[in-house]
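After this come two complexes, each holding chain A, first together with chain B and then together with chain C.
Our next item is the complex of A and B:
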């Protein structure tokens, strides 16, 4: 299956879902005019991805500013991922925060506080 | 239904509509369908959890934004920061105003040449301690710190907060006097940091009409001032001797009743075709009456000022004699 790639804009992040290499990356800021336009197609792609049994997905999130609408959908996506994990898929999240930005780290922890799949919240490596 | 047609809470809306349908289908005498009721309760629980999480995330965002703004505020003068964050300042170009302000320029005499042989760390320690102390004084007098230019400082008074022309000129001159006083305290601190040469400040002040507003490009702009009085203040600063405060005729006209100043001196300044009048500020009037002694004879080109609480007339005479 083709990889799913959405190029970033000033207001939306880069989204890459690789069916071949089993990863999902979301990188950048997220405050789009309509968050559904950005994330609902990704949800549909994830449904296709997890249609195959025992899928493995490594997720890397490197986000900075996120609008409330984007946060709402991200919580939906995380709930969806938890459901896939419960159904036997292998899921792992690495979520980067800006080194020293404790408030951002706390936010990512809040997103993941109810999940049971493995995850890491780690400082973003310096360029 | 296309993606664009779906609202952000489309799942929740479906849930609510199902709940209403169930409620409508139940007659008064019917028993509640336990299975359906359990499904609704479970969905409501998820919804509540999500709402609670989003609220906490939003609060965390506000906290983070405040911290970021607080960091950003260190790059902007407090009066301007207040104006921008209150929404009063439109961040756009070509919206300048012509207002009467008092402008202040200062630098440290020969700082560049004296610091040439210093280690970078010691140099930045001295420069930062100097700018820190001076900025505290600027803020205490509610001046708008326009920019640092190496060891130079550009401040203006009267915008964004304007009370009267007297008010902005009075605050500016008072600030300059306090800066000069602070410099003597800093000498000892710098000496210990390894700077053996005594540093002196020189200051120029002018009052007049300038254009104030955003200058630059739409991507990067400075809230600054342009106009003849800015050049005048800069030139007066260059002309000033160590620890001297030179003010323009316009500034003098506003503050002369409150500060003891020298007689007018005709000065020829670069960029000004006409001769300008400059005055040196010695101190506040009350201080003059009580403590400052001035001996001035223009014909003999003599000017002596001293604070009689710090040095006696006999000692002054002895110093002159030596």
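Our next item is the complex of A and C:
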């Protein structure tokens, strides 16, 4: 299976789903007019990814400026991931926040508070 | 023939009200990116905290998206063939340590009524209730095909230091001018 890569723009993140190396990375800003356009294709790729039994997926999220429409879709994706985890897949998330930005940290915590798969929310030093 | 346009009036108005920038026209995604980048650069150079920049940016994005989608004054731009809302958006610093993000656009009277109800509802929530409603909408709400999650004004309220200030002015043609002012505090 090919890797799924969406190159970033000023308002959409880099999305990389590696079928071979078992990782998903989303990096950058996300404030498109319609977040469905950006994330719906990823949701379909995840469906393909988890079509095989007992898949392992290491997820790394490093997001900065992000709109409510994108936040809503990410929440839905996390619910989907929880369902995949419940179905026997191995999932974990590392979510980076800007060091010292407690608001951002709390935001990511809110996204993950209901999940039962392993996750880390760790600071990323400011560049 | 000389134009009646007095640029100095616009300049003075902006200068007197400490408006750092303002734009009126179709709020396309491209315009939003430019505004966003300008804000980031400007605030970074003023040595603002990342947190404050993120707050202002967030308010800017949500209000711009609202204009883009809900302004009743629309223009069809080439390529996409999609209608883009026209409106006015800007940032000022009316008092020390306080940024104001303001926007104005024309909406139908029905839309005005719906927006006013939402604003009233959200403004009356306590900080805690606001957080809960936002969270609930995020987790249990649904996203429409055009990407609206019904979260924009909740997000704006969350970033805002004071209740959202707004007004609706009826226009001669039956439409309404909707004005929104959001205050974002610069924490020391």
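Going forward, the second predicted complex is superposed on the first by the 124 of 127 C-alpha atoms of A that agree within 3 Å, B and C clash if a C-alpha of one lies under 4 Å from a C-alpha of the other, contacts with A are read in each partner's own complex, and residues count from 1 in each chain.
What we mean here is this: a residue touches a chain if its C-beta (ideal position, glycine included) is under 8 Å from a C-beta of that chain, and two chains touch if they have at least 3 such contacts.
Treat the numbers as computed from the prediction; the structure is a model and nothing was measured.
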Fit or clash - chain C, chain B, common chain A: clash
Touching partner for A:19 - first (chain B), second (chain C), both, neither: neither
Contacts of A:103 with chain B and chain C, given as first, second, both or neither: both
First, second, both or neither for A:33, with chain B first and chain C second: second
Which of chain B and chain C A:68 touches, first, second, both or neither: both
Touching partner for A:10 - first (chain B), second (chain C), both, neither: second
Shared contact residues on chain A - chain B and chain C: 34-37, 68-69, 71-73, 75-76, 79, 101, 103-104, 110, 114
Sites on chain A touched by chain C in the complex: 10-11, 31-37, 64-65, 67-69, 71-73, 75-76, 79, 98, 100-101, 103-104, 110, 114, 126
Of all residues in chain B, those that touch chain A in their complex: 3-4, 6-9, 11, 46, 49-50, 53-54, 56-58, 60-61, 63-64, 67
Interfacial residue positions of chain A with respect to chain B in the complex: 34-37, 40-41, 68-69, 71-73, 75-76, 79, 101, 103-104, 106-107, 110-111, 113-114
Partner chain A, residues of chain C touching it in the complex: 29, 32-33, 36-37, 50-51, 54, 57-58, 61-62, 65, 68-69, 135, 138-139, 141, 143, 145-149, 151-152, 154-155
